[in-house]
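Below you'll find a set of structures to go through.
Across the two complexes that follow, subunit A remains constant while its partner is subunit B and subsequently subunit C.
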Partner chain A sequence: MARSMCWHCQSEVAGEYFCERCVKVQPLSKEQDYFTCLGLPRLLTIDATGLENKFYEMSRSFHPDFYQTKTDTERTISLGNSALLNTAYRTLKDPIQRAEYLVRLEAGAVKEIRNQPPADLFEEILSLQDDLEEFRAADGQPSADLTALRTKLQTDREALERRQQDMESRLFDLFETWDRLQRQFEPTEAIRAKKESVLKEMRELLSNRTYVRNIINDLVATVG
Partner chain B sequence: MAYSEKVVDHFNNPRNVGSFKKEEDGVGTGIVGAPECGDVMKLQIKVQNDTIVDAKFKTFGCGSAIASSSLATEWLKGKTVDEAGKIKNTDIVQELNLPPVKIHCSVLAEDAIKAALADYKKKEDGKETVK
Partner chain C sequence: MARIVGIDLGTTNSLIAYMDGKTPTVVPGRNGRTMVPSVVAMTDNGLIVGDAAKEHLVRNPERTIYSVKRFMGKGLADVQSEVPYFPYTLQEQGGVIRIRIGDKSYSPPQISAMILKELKQRAEAHLGESITKAVITVPAYFNDSQRQATKDAGMIAGLEVLRIINEPTAASLAYGLQERTQGTIAVYDLGGGTFDISILKLKNGIFEVLATNGDTHLGGDDLDRTIGDLFAKDIQEQYGIDINLHGDDMQSLRLEAERAKIRLSDDLKTSVTLNLPDGKSQYRRELTRDQLEELTLPLIERSLGPCRLALKDAGLTPADIDEVVLVGGSTRMPLVRQCVEGLFGKPPHSNLNPDEVVALGAAVQADILSGGTTDMLLLDVTPLSLGIETMGGVVSSLIRRNTTIPTSAKEMFTTYVDGQTSVDIHILQGERELARDNRSLARFQLKMPPLPAGVPRIEVTFLIDANGILNVSARDVRTGATQSVAVKPSYGLSDDEVEKMIGESFKFAAEDFKARQLIEARNEAEAILHATKKALGQGAHLLTGDDLAAIKSALTALDGARSTEDHKLIRTRIQDVEKVTHDFAELLMDTSLKEALQNKSLSEMTEPSEKA
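Up next, the complex of A and B:
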């Protein structure tokens, strides 16, 4: 990452994280995105081992432990870089967070991707919430109704879990589509439009998945 | 982060929890969600002679979302349909002292009000064409 000038010796910085002349650590730009930070292209399929190795390598360069005896400025840079690096790694390591992050990043380029709210899903969640309320109100007092309700809620939960899996496998299919489009050297209008629609579908899947995830968590916590 | 006293109060004693029958005359229903947190909110109004005579909500979400919708139903009662459309999420933020990370909860409440009003208007327009 070539930066214009070393904060310490004012010479042109050619090295990646350190000034080649005075060997001082350089701050990572706050503007760079997590992919750039970890030296990755903006693709969704990631080599997990490669990512981990890169993270360890960079951690070794920036870790605050190695800056205990250095100047205040260097310690601050080491802290800032480590914090950015940790967030970047944590975000990109998890495929769902990675996709959410990419969609957010690209949202600027693809302006106005607003989704139709999933009205059916909301209705379903609210009616499940009503059932859950009823279940909680029964307070474990055994009755035939409660047993029936428990069975119903368990069946609902299984169905929701299957739906979550379907959403995720569709999402991972889209990872491949995205990567293929992203690798095109000269993006035509058609490719741009295709990318936009992939982002839109991913965003929709991700947000619906969050709703489904939440209700599943509630079901698990209440019914078990 | 601590919740303000007003949020805690609305959370512990939510006003107007419940629902009306969707098909009932003069009832407008708004169901909205926040993809950031997975919260879902249902807000309903009951209108007579252009005035909101009653409002109910059901929210599945965090304390701030519950407080925002509870407050919204309180404010809606007694307002005309036009006045109700002027309620802004910033009013809710101010009243409840919501921190920046919870602003989307108030946006959700504003969206729910708008959706309920739109649903009511749509139902009314539908009636006129039938006549």
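Up next, the complex of A and C:
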């Protein structure tokens, strides 16, 4: 735990929310990751109720409502801490965002934005996009072709939704693998290599999932 | 710490509340009513606010302002379709609507400040102390400009606005305090001018808003208009009179429509009567509840869309909602209750007074801020996504809607041309892809060090505080130097303008105070003249000739003083009347008591108290 000085009484603080000597609120370190912020190990399976309780407890410590009568410095700290806490909670609460965040932390890379369809979906998506273009071009003029096209696009959408579900369940399997590896006290070279491959697969899955999700949204918006 | 009050600054009515120990309490006026109509009349005798101003709606339509909340934080183009419904003149200056009265013009925050001052004085009189700090409520779906305008109104009224809080969430605090329940609730708030839906999770004193949605242009006003339009069409067909050309009659029609709507919440049919501008004809018709419901159903159904969106954003279905809480006067309509029950599949909770619950909740929040209540905490969200305009007019989203506040987002900016010294940034609020489809909030210029393109690195922090109001700061990453950011609001008053209005408000305060004293003295004189004459009618036979003469001469003197501008003289004459009638009053009391003891029941002697 990083050691620093209390902004108020200069006594040493070691990551506590409040200085032990003068009881003033301390700013959360900007370098702190969201897991540390919420007092969690870097694991992907999280007990939702436990996380919520921790968030509520910390909100009670930091929320600006409780600093209205305090000094300007304390109010600024409370505002910054609350904003960080809220972002940390929002990110970790959602499993997909949680995984994206962890991959970014561990692998250091920024989230990739995919412009091309995933390889195994390439043909399927190209033909789907052609159909979607055709549907848009028809501009809602009713015809037998259009009705058939709509049905086809709806079937495609259902297929993509199943695809998304498959990717998510694979992702959740990887959550467990990751957590098991992460719990090893003395990671061997083999474990490190395995972790790296899990991260790589998760990154690929997350990026493909986002791509598929966007196509589904597009389909919903156009075809309904 | 000085007392903090809670204020519900409503479209139609406003209230002020405080914490009496552990109980939130609404401050009543002298007439016992807790609601102050949000109406401001600029009369020759000065400024009048509230019930008295409401009378001027018909007498003095061009100089009597109502529903000003609809204009807060807006430009004229935003309200174009509504302009014909308002008898006063609207203009625009620097992106802010101005209401023209005679040779003066007022911004909506200035008018709202007049209502706030009335509430402030009411609380000061009731509590016997000066009030300087307040929590003010706004519709949850208010954008940044509308929130800022409300804060400005508070400042102009001489109030330090410690918090802007959302109306439905305020209501949830009052509900939570009373019911002590846990679980997921939906607050359906249909007020005079706006509609909000908020979905909250209540757990161990934490009130976490999961999602909020709404329509800032849907409320009782719109229902009244639909009914009024029906009457106007009738009148046009039957009498060939275009009522919209007659400001005063249009107001009578609007008020009559509102009253008919209110009556139909209890009755199945009602009759409407209206004197027409030709001076001889009278419009009469019957309106049934069925007709009202057919007329207003499309409007009420419009509120269900936001409800579904809020549920979706919260990741819930109607079955997950444990209780639906109704807020706002319009929720008294049986049709509203039916529609809400239809959507959520359970009858809504109606143990709270829908008119007062928001003000009560604001008082609870005020108590939290002053450190009185420590077991409750509200975690609210920002209702709209926040973003900046990028190349090609596309919005890059920074903070998503329904994000818990306070929250912040950082964005790095650099230059595209060597030696470029500034970058223009345009901030927007809304859910659309293109900048032009969203609400422009503000623009500012970021200063850049003159360096080769791409080298400067300025990090801008967009922070939405607990009021839901945006704060912008910037830092040069290379040097660590911070720069102040002067944000120019797209639809709001600048700091200088607000300062100026605060100054003016103090200048006028003395004048206002004088006018107010005169109005109050006159009202009191009127009341005492009426009461004394009535008493004489009942008991003049109990008096000696001398006493009767003395009373009559005091009354004549008071009647004469009433028409002067001298409030001190009126007060003196009132005292004179009180002096000479003192014995008479006791005499009457004795007599009445004796009569009461003999045969009459007490209820016949006491007038029924007015129902608020």
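In this section, the second predicted complex is superposed on the first by the 201 of 224 C-alpha atoms of A that agree within 3 Å, B and C clash if a C-alpha of one lies under 4 Å from a C-alpha of the other, contacts with A are read in each partner's own complex, and residues count from 1 in each chain.
Note that a residue touches a chain if its C-beta (ideal position, glycine included) is under 8 Å from a C-beta of that chain, and two chains touch if they have at least 3 such contacts.
Because the structure is a prediction, the values reported are computed rather than measured.
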item	value
Contacts of A:Y56 with subunit B and subunit C, given as first, second, both or neither	second
Subunit B versus subunit C as contact partner of A:Q68, first or second or both or neither	second
Partner chain(s) touched by A:Y89 [first = subunit B, second = subunit C, both, neither]	second
Partner chain in contact with A:S207 - subunit B first, subunit C second, else both or neither	first
Touched partner set for A:I125, first subunit B, second subunit C, both or neither	first
Partner chain(s) touched by A:P117 [first = subunit B, second = subunit C, both, neither]	first
Partner chain(s) touched by A:T151 [first = subunit B, second = subunit C, both, neither]	neither
On subunit A, the residue positions that both subunit B and subunit C contact, one per complex	none
Touching residues (chain side subunit A, partner subunit B) in the complex	115, 117-119, 121-123, 125-126, 129, 203, 206-207, 210-211, 213-215, 218
Complex interface listing, subunit A residues touching subunit C	52, 56, 59-60, 63-66, 68-69, 79-80, 82-83, 86-87, 89-90
Subunit A-facing residues of subunit C, complex	1, 162-163, 203-204, 206, 208, 365, 368-371, 374, 377-379, 403-408, 463, 465-466
Complex contact set, residues of subunit B against subunit A	31-33, 35-40, 42, 58, 60
